[in-house]
Each structure stands twice: as C-alpha cells, then as structure tokens.
Amino acid sequence: MSDPILRLEGVYTNIAQYHILQGVDLEVPRGQVTMLLGRNGVGKTTTLRTVIGHWRARQGRILFDGEDITALPTPAIARSGVGFVPEDMGIFSDLTVEENMVLAAASGPIDSARLEWIFTAFPPLKTFWKSEAGNLSGGQKQMLSIARAMVEERKLYLIDEPTKGLAPAIVSTMARALKELKAQGASILLVEQNFAVARALGDTANVMDDGRVIWSGAMAELSGDAGLQERLMGLSLEAH
Amino acid sequence: MTDPILETQDLTVRFGGHVAVDAVSCGFQAGELTAIVGPNGAGKTTYFNLISGQIPATAGKVFLRGRDISGQSVSLRTRAGIGRAFQLTNLFPDLTVLENVRLVVQSRSGQGFNLWSMASGHAEMVEAAEAILVRVRLLEQRHQVVSELSHGNQRKLEVALLIALDPAVYMFDEPTAGMSVDEAPVVLDLIAELKAQRDRTILLVEHKMDVIRTLADRIIVLHNGALAADGAPAEVMASDVVQEAYMGKELEDV
Amino acid sequence: MTAAPKHAPKMAELSLADRLGPWMPVLLVPALVLLGALAIPETSSWLTLTVSGLAMGMMIFIMASGLTLVFGLMDVINFGHGAFVSIGAFVGVTVLLLLGQMTGAPSLGLNLVALMLAVIGAMAATGLVGWAFEKVIVMPVYGHHLKQILVTMGGLIVVEQLIIVLWGPEEIYIARPESLKGAITFAGAALEKYRLVAVVVGLVVFVAMRFVLRRTKVGLIVRAGVQNGEMVQALGYRLRRVFVGVFIAGSALAGLGGVMWGLYQEVITAHMGNDAMILIFIVVIIGGLGSVEGCFIGALLVGLLQNYVAYLEPKAALISNIALMVAILMWRPMGMIPVVKAK
Amino acid sequence: MFRSILSGDMPRSTVLAVLLALILVGLALAPFLFPGVRTVDTAARICVFIVLVASYDLLLGYGGIVSFAHTMFFGIGAYGVALSLTHLGRGFGAIFLGAGAGAVVAAALALLIGLFSLRVRAIFFAMITLAVASAVAVLVSQLSGLTGGEDGLTFKLPRELGPAFKFGKEALGGELFGVKLNGKLLAYYFVFAGALVLFLMLLRVVNSPFGRVLLAIRENDFRAEAIGYRVVYYRVAATCLSAAAAALAGSLYAIWLRYVGPETTLSMELMIDILLMVVIGGMGTMYGAVIGATLFVLAQNYLQTLMGAASGLVEGLPVLPELLSADRWLLWLGVLFILSVYFFPTGIVGRLRGGK
Amino acid sequence: EIKIAHVYGKTGPYEAYAKQSHDGLMMGLEYATGGTMEIDGEKIVVIEKDTQLKPENGRALLEEAYGDDEVDLAVGPVSSGVALAMLPVAEEYEKILLVEPAVADSITGKNWNRYIFRTGRNSSQDAVSNAIALAGPNVHIATLAQDYAFGRDGVAAFKDALEGTGTDVAHEEYVPTDTTDFTAAAERIFNAMKDLDGEKKLFVIWAGGGNPMSKVNAMDPGRFGIKIASGGNILAALKGWKEFEGMEGATYYYYDLPQNPVNDWLVKEHQARFGTPPDFFTAGGMAAGLAVVEAIKKAGGTDTEALIAAMEGMEWETPKGKMVFRAEDHQAMQSMYHFKIKVDPNVEWAIPELVRELSIEDLPIPVRNK
C-alpha cells in the first residue's frame, strides 16, 4: 500500500493556556474514508483545525501528500488540495448561496457538471440558489457547507460532523455523495457522532480521548465489538 | 379532551414569495410530547420562531391558554410560559457557564430591575443555577467561559438554559445534534423526566427516529411549510409522506 | 393521512410593492429634483441649484467611495479617512504648484494633464500611507469597531500633525487651473466649469468600482472574510493580501477625493479632510453599508437637498442632512441598498 | 462593610488595588499634597472625568451601546447649573436646582432618543446620537441669547466656594499645612465628594442584578429577549441612568470651572477623549474609568511640559526637535492613542487582572 | 524681574496665527527695550502657556499664571471664546489681562471688567472702517456672513455704521459656519439684487477657513453687475485674491500700508529673521509688546492699580502708528486702511493698495461696556 495522504506525528496543540492535543498520531490512507470518533470535548475538532492551520501545532509534524505542512499558512494548505467542512459550518450568511459556492470554487468558475451532481444530492441548494445563505434552515446550511467543499476536486476532505441536523433522507444522499467522492479517488477524514453513518462509510477508525488517539484499526473491527466500544467511548454504539 | 395549552391557527409566514410556513393549525395539550418532523427546510424551526415570537407571522394567530399572544414580543411570550432552546447554539459567549444559567434564574425571579442589591449577594439564585448544571452534567465546567466549551457541551448548556427557565411549553430544536453517544442520553433522560411531570407541554424537533420512537406521544409532519400529517407515532411513521419525503432510502442500502 | 407531496417549496405571487422595492432608492433622485422644481419658482435658479447640487454630490461621492469600500467590505470604521483626504490634497496641490507653468497656461489639454499628474501623485502617496496605516494601525483591531474608531482617530491626529510638520501650519491657497476657472452660463443658470470635471471623475470612479466589485471575486472575498476569515482562508484565499489591497484602494480613492476637494475649496488645511467626515459618514450610512450604488445615490441626494434647502430656508440647511439621514433610516433601517449587515 | 461599599466588586489584582488606593489618596489630599492652582485644577478635572467616564462605561462597557451623545448630557448638566446660577443668583439652592433639573432633562432626553432609536441596529444608534448631538451643539451656538453661543457663560458661585471666602481664621490662622483655607478649597472638596458618591453609586448599579442583565444583553440581546428580559426597556433604562450621571458630572464641572461653553462641554473632541479613557482603562469595569481618566487627564496636562524638556535634549539634531517640539504634543498623544489600544487591548485593568 | 505670561492657543487650528502673535509680542518687547529685554534694569521674562484653544484651559492656565507663577500681567489669547472665559479670572486675581488678538466686541463690551485692556481691533472697528470704505451715493450692499453671533454682530455693526451714508443694505444672507457649497446663497443674493439700479456690492464677512468669495465669484456675479467686497485678510489668504483685482475694502494691517519707523523696523527685521513680511497678528502682537513696556515704564512698576491708571488714556507708537487706550472701555483706538486690490504677477499674493488711511478721528467706534 502506498504512503498515507495525511499523517500526524505526535501533534501537540495549545489553545491559549490550555493543552488540548497531547500527542496525536494519526494516518489517513489514500482513497479511504477514515473516521475520527470520540466523546464531546476530546479534541476531534481541534485535530482537524490543526491540520488546516487554524490552530498551530506546538510540537510534532503534519505531513500531507509527503510534504510537511505543519508551518504552512492556511491558504497554502487549502490550495495544496484540502477541503474543509467546519463544525460550525462556516457559512457566509450575508452572501447568497451562489456567492458562497462561487467563492468555494477558488481556482476558477464552477464546473457545471459537478454542480448538477451536487444539486442531485442537495436539491434545496438549487431552489435557494439566489437566497441569502443566512436565511437557510439549519440542515440546508449544513448541505451548503458540504457542497462548498465538494465543488472542486480535492485530494483530502476534512469533514466535521456533517450529518448533524440533516433529515434521514438527506443523510443517505450525503453518504452516497461521500462514497462517490471516494470513488473518484479522494481521501476523507470524517468526524461523526452518528454511528450508523460511521459504520456505513468508514474504512478505518480512530478513537480519541483526552487529546490523544487511543485506538485505531479497521472500522469493521470496531463496529463488530460492543465491548471495545464500551471501553473506548463509554457506551455501546449499537444502542443508538 | 381538554382545551389545548398552546394552539396555532392558520399560522403563515412568507419570505418574499416563499411561503415557509403555510397555514398551520394545530393544538398542543399539557403533558403531551409532540415530535415535529419533516425534511430540511420544511419550516420546523420557522414554526418555532412564529410561536415564540422571533419573527412576526404574515397571517394567523397563536393562542396560549386560550389567550391570543400573536402581537406580543419574545420576552412577553417567554414570561407567559413559552420557552425555547435553539437549533444553532445561541448563548452568552463571554460569560461563564454558571452566569448563563444564573441569568435565567434571575429572569424568573423578576429581579432584573433591581438596581441596588448586589447580584453576587443572591445566594439562592446561584444555588438554583448550580442544581441545574448538576442535572446536565456541566457542574465541573461552571467557571469556564462559554466560548471555550466544546460544541457538544455548548449544546448541553443550551438545554440547561431552557430547563432553568422552566416554562409551561418547552420547545426543543434538535437538542442532541452534535452530542456524542454517551452524552445524548443525558439530555434525552431530562426530556423524559419533564414528560413524566405530566404538566408540561413539550415540542421536539428531531431527526433521530429512535429518539422519536421512544419519547413521542404524537408526531406532526411538516412538509413544504404545511401540516402534512398528524397522529400517533407508529401510524405517522408508517405513512407514505414520512417514508418517501423524509426517510428516504435506509443508509445500509447506500 | 395525506399523500406525499413533491419536494417543492411553495411560492406565492410577489406584490407590486415588493417588486418595486429595490428600485425605490434610484427613483428618489428624480423625485427630489421634481420636488425642487415645484418648490422653486425661478427656473434659472432651480437649474443652477440642481446641476451644481448633482456635481457637489459627485464630489462627495468621490471622497466617500473609499470609505464605503473599507467600511462596507471590511467592516472597518476608519475615522482616519479624513486624514487621507488631507494628504491627497497636500500632495496633489504640491504637484500642481510645481507644475505652475502647466496650470497657468490657458490650455485645457495642459491643465488636464497637470491635474492627472496631481491625481496620480496623490493617489500613489495616499495608497502608500494606506498600506502603512493598515499594517501598523488597523490590522490588530479588525472586528472591533470601538477600537477601530479610537486607533484610526489616533492615526488621524498623527497624520494631521505630520502634515503640519512637513508643510507647516499655514493654510495653503491654490488657484484652479486656468481653463477650469469661472462658469459656463446657459439659460440664465451658471455652472462652474470645475464641477463638470468633478462629474466626469465621479462617474468614472463609480463605473470602475462597480466593474471591479461585480466582475471579480474581490468583493465577495472581503465580505466573506469579515464574517469568517478563517473559512475564507480555508478555501485557499490569502485574505491578508486582499484586505491590504482593498485598504490601499480605499485610501487612494480618498486621495483622489482630496485633490478634487482641495481644488474646489481652493484652500487646504491639515484638518480639511476631517471637516468633511460627518457629511461623508452620512452618505455612507444612508447609502447602506458597502453599497457603491447606495453611496452614489446618497451623495447625490445630499448634494441636491443641501442646495434646495439652503435656497428655500437657509436656517434649515444645518439640519437638512441629519433630517435626511434620520428619515432614510426610519424608512430603511439598514440604509437604502445594504450589502453588509451592520452589527 | 468595605465589600459592600465597593458592591462586592473587588479589584482582584494587587497592583490594581494599590493604584486605586494611590489615586484615591492623591485626590482626597490633592490640595495638601500638591499645592498649586494648576495641580488642584488637574485633580478636580480627574474627579469629574472619572464620573463622566464611568457613566459612559455603564452604557458602553456594560450595555454594549455606542453613543456619541454623551457629551450632550454632560453639557446639559453643566448648562443647567450655569443657567440657574446666572438667573437665580449665586446660592446653593440654585446649584442643586440646576444640577437636579439638568439630570432630569438629560434623563428625559435620553428616554426620548432611546425609545425612538434603540430598536435599530447598534451602528445606526451611534450615528443617530452623533446627529442629535451635533444638532444640539448647533442649537446651543444659535441660541446665543440664552446660552452665550460660542462664547459660553461665565457665572458666579456662592461666595462660600470662591477664593475670597476665608475661614478657620481664629482656630487655625487661616492656614492648614501651608494651604490657605478658602472657598476654592471648599469647592474642590465639594467636587471631590460629589464625584466619590456618584462613582460608588455607579459601581453599585453595575454590580446589581440590573447590571448583570446589561452584560447579558451586550453579549447576546437576541437570547436575552428569549429568556424573558425586555431588552429595549433595559437599554433605555441604562441610557437614562447614564445620561443623568453624566449630567451630574457636568454640573460638577461647571461648578469647578465657573464657566460653560460648547467647546468645553459639547465638543466631539471631548467625546473622543471619553471613548479613549474608557478603552485605555478597560471597558466593562468601573475601575477602568478611574485609571483611564486619571492617566488621560495627566497626559493631557503634562505631556506638553514633558515634551518641552525632551526637545531640549535633542536640540541641534535634524527633524527630531521639530517632532519633539512642545507644539507637536498632539502628535504624541495620537501615538499614545494607538499604542495604548495596541498594548492594552483589554485596557489596563484587563491587563492587570490577567485577562487576554 | 518682570514676569509676563503669554496665554494663547499655540496648537490647534489657529497655530499659524498664534506663532505670528508670539513673534510679534517678542519683537515688540525687544524694540521697546532697545534689545535689552529689560525695563529699568529689571529683566522681562515671558512664560508661554498653550490653551490648545480650549476655554477651560485658558482659565486654568491664566489662574496658574497669576496664582502659581505670580506673573505681573498676562497677554492673549487668539480666540474670542477663550478670551471671554478668561476675563473673570483677571478680575478675581486683580491683575491685568491684555487681550490680543481676540476680536469679539463683548470683550471690551458687556463682559468687560476694569482689568481688561485690548490692543487688538474689535469687530466694530472692522465694520465701521469697511462701511466707510464701501459707502457711497446710490450704492446697494448685500451681506454674506456666518450664521452665529460673530457674523450677525458684524453685520449689525456694519449696518449701524452705514446709517446716514445713503447706502442701504439690500439683502442679508446668513449661512451655517461649515457651509461648503455657496450656490444657494449666491442665487438668493443674485435674485435679491438683480433688479436694483446703481452700484451693487456684496460684502463678505467671514472668519476662518472655507471663505466663500471665490466660490461666489466663480458664479459670475458680474452678470448682474455685482461686485464682491471684503475686509482685509492675512497674507496667505491674499494669495487666493488675485482674481479680485480692483476690489475695495478696509483692512487692519498690510505690511506695506503704514508708514512709520516702528513698522519699517518690523518689516525689515521680520524679513531678515523669518524670510517673510510681517502679517496681521505679528503687528498686533508687537503692539501688545510695546504697550506692556510703555505701561510699565509709565507706571514706574508693575503694581496693578498703577498700571491701570497709567494705561487709561495711554498713547504709544506701534507698527500701525499711534494707538490710544480709550479710558471708558480700555479698547485701543487705532487706524484702519481703506484699500484697493492690485495684481502684480511678480508678487505671490494680491496687493492691497492704500486708498486712504482711516485714522482714529475718522472712526466713530461706539462704547459698549455700559
């Protein structure tokens, strides 16, 4: 197997005076969906934000596609092929849906075939194409946030809890869209609380606790072992 | 059946030409937990906004205990007994967790215009607030500033504020979105507790079917702003409208 | 149980008022002109007042355009904008004084070339100062209005004092280029020639700004960047550079405004820019934050109204602008054509 | 006891506590510690500005309301005293009547503006107050018959507060520690006591339940409404309170100066000074007002002297003497503006309390 | 040692005037003491204090000067507002304040007290001299002034002075101080005057920046036979006057107008030291400096009462010729100059040429402090 698209080696991150990440080791294999799981407040979001460069690693290395991006500025990281769907969706609420999408297509005009593909996954975006994004419903905003990352081809997608607030029907279309992305050769690092989605999409899984990755392995292994889940996340995921 | 506590009559709102909530008439009984489901953008949050007064209705009326409150401001409706937790977290970000809850307790005590006593001198308010933080398991974080909380914990605080307000009508908008599997039950248990009190009216917007199955007495379905179905959970869940427009294909089929 | 309806939000017909709404501000200008015609019986006076009011509006617009760019797009309240107007005036006037030969000659061509050179010099200077201003003064306070007000106020004082150090405390008098002096009279109305230049320059600025903001992503990037800078960067844009660029552009426009205003006043002082600030703020606010079109219309309205009111009832001229602002904010609390939501 | 005088709002930093104590002692004993007309004048101004800045902080730091009309209220209080002393004669009754009337008028005007415009967005409220304030300033200059116009009003205080009134002749020989016991001294203590009482009252207000609601509204007015607080009422109440306090500060100022004029009480420049004092000291803390006002007034009064000395040192060098000349004091004040916002983003009090 | 405080707005919008005033004062002291800066062996010390153009500072600084620095008398300030705030302090400390160059009539009018003297001109002197310069048979005058006390008082004094000359004020136009567009005002004036016969003049009374003259002129008032007229102005402003060739009015000072030894010395020395001719405020400052020395000499010391006695009715020589402190209101009576503008391409500014010196006897200035 080729080298991973993304590798974190002993990453420590501070936010103000708090030590949040305390030595995260993590690999995202090429062409796979890698899950990042764990309870609230263990550092999942912080990990993604450190990769994209919003927080700075105090120690450790981040390798993307073989290059050290630890100290690169955020725009450079993004331009090297990383798409980001933040936890708070990061919608530009004063801009229209269209303007949000135009901005997301950083390297040129929007590819219309790709746009059609996005519309089939998320029909409301088409309906509200000219509306102010701030007026969208919670779920619609979530769709827009994912669509923005997908509007251009990227090597790696960092996606933070994309299904929160989505209706079941949309959750399935979104899952399908992510699978298609993977089929196109992209790699995905996905934070998810919805275990059904995790099970359906994940190839490998990493479980975090207290600023570290405490377990990693195949998703199938985790989803098949209720005892392991209980130990790692304090609760059997099967219950939900 | 007794008269409903909360009732909406032909409640409608339009944004430009878009009818986001379309003549919804519905009543809610005390002690009943009604789940509101519908696709994204169906108008659920907007319906809540109309009831709690965040946006004015284009047409239609809202009644609380038979009294027309359509013209009243948010704060008046809140005082009259309509409480609300928001879908997108909406807190006092630079205040501490404890102060957030304490402010709600203070609001209920009617001390807001007290200019002369010392706020820190009202021990009973602090105690009441701490009791609520214990219930949502946030006591440890009570001196943390809200903006430093992780997303999941902010969601819990959002619920805590509503509980502190203790209104006659509770409106939860996707309370567990973004909560981890071991935290969500805390909130769901709280809701179940409220329901067991039998004197509170609870409206719950949720996309998680298992949650609805265990908690709801009744489900109403909004679709394109209109009331598309209303009835007992099993019956509504099985209906075509829910299956087609809402559930879509099961995930496993993807 | 009802059958499953299709996924389609319900759309109702828009009423006439709804559809007319966006056009209302544009209609205000002709409406005001008409009102003026009704109120002022002397036709020649009305004509003079109208044309010179519109031209004055253009000049205000030139000065305000940079502010609306920076205030609207970057959400930076730059109280130091007036300092850039002053710098523009001083540099421009210095250039013109150096080119005494060209401005003194009664040749329109030579005069305009001199004016162009002055404008270029002024814009380059203010652009440069703007760059420094952004780096040193504005950068640490993005997103914090109050601190912006204070820090840029501090910047204003520093720049004004530096002007005094460099050019001395005396006011400097400057005559307009020879062929731009005096007025053209027609139909009993007199129109200063210089105001015609202002009209042309104003229109050019207006069209150019519209073009850049409509046809490029710059406007979008900056507006989005104000709301969520992190996210814009995560989309791959070097936000800092764009911000700096916009600030430089805004400052350069102020410099242009300074030259135009200085030549209109024919006397320049270090605080001349700041003296015009209240008027500029009014225009930017009633236009709607960040809207070039709104700013343009607002400036014309202010120019016209000032003239009409001063003619009809000089006492009321003092408050006509303020009254206009209050009226427009009552009608549209966000300004006529808001682009950015004010906090 | 001490706690409740400070309304439970302790300095929470040793350095801050020491600074505050120094300022308090310095002001309380100013005529004895720093005898001299100018120094006592500076001390009195500090007293007045502490109250003025604190009252503005109630609005800005606690209520999150940006108003440019604060000097207008200050001016109303000042003119109130000036007019009543001019027309009713030089008595204490006139002082209290003028101050009281000023406070009431200011509060009423604040109520009017508030009810009209506090519903709109913050930045527009700021602009509307700016407009109203400039209109009032114009009005004052136009109604010169009543207000003295641009030239302002000079008036006489009760004899007991003037330098001609001497006391303690028999007991102390008319002097105490070398300081003449006269009405001027009484006037200073009148101002000092008034300022102290007003400040402590404001401190109480911001630490009351009401003050907490203001904080909540500043943070998130939308949510404050949704937990049952009527935001507009609170904002209007805060505006009125702060206006009344500012008017009383204005009255103290008028008493001290025995003069009022538009430049002195209504100018935009003064408004900016107030803003700066709030921010330098630290927004959202009353102690910030104390520190900010003290430092600023001192800088304003003594920067020029300091610079005169500095430019003497660099004499002969190119440009530098020009830049450091005492006439360029404004330049350096501007630089201080910028530096202080730079280095004290949370104000001095914020920094001392170890905030961000 | 003789201590004098110069309390004036060194910094702020009037910085340029302030500097002139101070230079003039120092040169006045120098000239009067023959360069020794001593009177009867006592050294003159001048303490400068900057009001920053704020009335409250003016008061505090003057108190400091009288109280802490114990000066013998004070000179200043530039702005009338500041001066008015300072007047009572002089009374309180019972020391002399020599006002220069603030112009408001009320300083030696209704706000006057016996410790106040003024070397500077007052508004009435401006108004009366201009009225004399402009009046004539069959002349109609319109006025354009700022709409506040200074402008309105100026026009009122001007109208009083025109009384009985047969010249009428056809129209009074007042505009806000911060007006920048004068189209409306000009139109109103044109409409009021265009149908009148005879000579038509527009008299502009304006203080500070934003002078409307050239803006009104750009609208071609000649179309209606209207000529613009104005009082004198400082040199910097005269640079903008080249388009007003032939314009008449009355001025306070222009370095070429007075012919006397004091002025000759001033012009020569000023040119040598500063590279420019002296201006309005230099002349005024010098007059004050001369007055101080003269008064102290005459009183034989710095006792206030002796000074007052000496100064009331005192005559002394200044760059503007003889001045006299009128005993009633302590206002210095002085000459004004009726001028006509001449343009010389080799001179940077437009030159006011002397038409006639209006001497003290020619100018009936009302006493207004009763």
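By letter and in written order, the chains are A, B, C, D and E; residue numbering begins at 1 in each of them.
The rule is short, and it goes like this: a contact is a pair of C-beta atoms (placed from the backbone, for glycine too) under 8 Å apart; a residue touches a chain by one contact, two chains touch by 3 or more.
The chain list, named the UniProt way, goes like this: A, B = ABC transporter ATP-binding protein; C, D = Branched-chain amino acid ABC transporter permease.
Predicted, not measured: the structure shown is a model, and the values here were computed from it.
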| item | value |
| --- | --- |
| Partner chains that chain B and chain D have in common | C |
| Chain pair with more C-beta contacts, D-E versus C-E | C-E |
| Chain A and chain E, separation of their C-alpha mean positions in angstrom | 77 |
| Separation of chain C from chain D, taking each centre as the mean of its C-alpha atoms, in whole Å | 35 |
| Centre distance in Å when chain A and chain D are each reduced to the mean of their C-alpha atoms | 53 |
| Multi-partner residues of chain B (at least 2 other chains) | 39, 41, 245 |
| Contacts with 2+ other chains: residues of chain D | 138, 328, 330 |
| Residues within chain E bordering two or more other chains | 15, 147, 176 |
| Touching chain combinations (by label order) | A-B, A-C, B-C, B-D, C-D, C-E, D-E |
| Chain B-facing residues of chain C, complex | 1-5, 7-14, 18 |
| Complex contact set, residues of chain E against chain C | 13, 15-16, 19, 147, 173-176, 178-181, 183-185, 187-188, 191, 209-211, 214-215, 218-220, 223, 236-237, 239-240, 242-243 |
| Chain C residues touching chain A - in the complex, by the definition given at the top | 7-9, 217, 220-221, 223-224, 227-228, 230-239, 339-341 |
| Chain D partner contacts - residues on chain E that touch it in the complex | 10-11, 15, 50, 53-56, 59-61, 63-64, 67-68, 80-81, 84-85, 87-88, 92, 104, 106, 111, 147-150, 176 |
| Complex contact set, residues of chain C against chain E | 42, 45, 48-49, 52-53, 56, 164, 168-175, 181-183, 185, 190, 192, 194, 264-267, 269, 271-272, 275-276, 303, 306-311, 314-315, 317-318 |
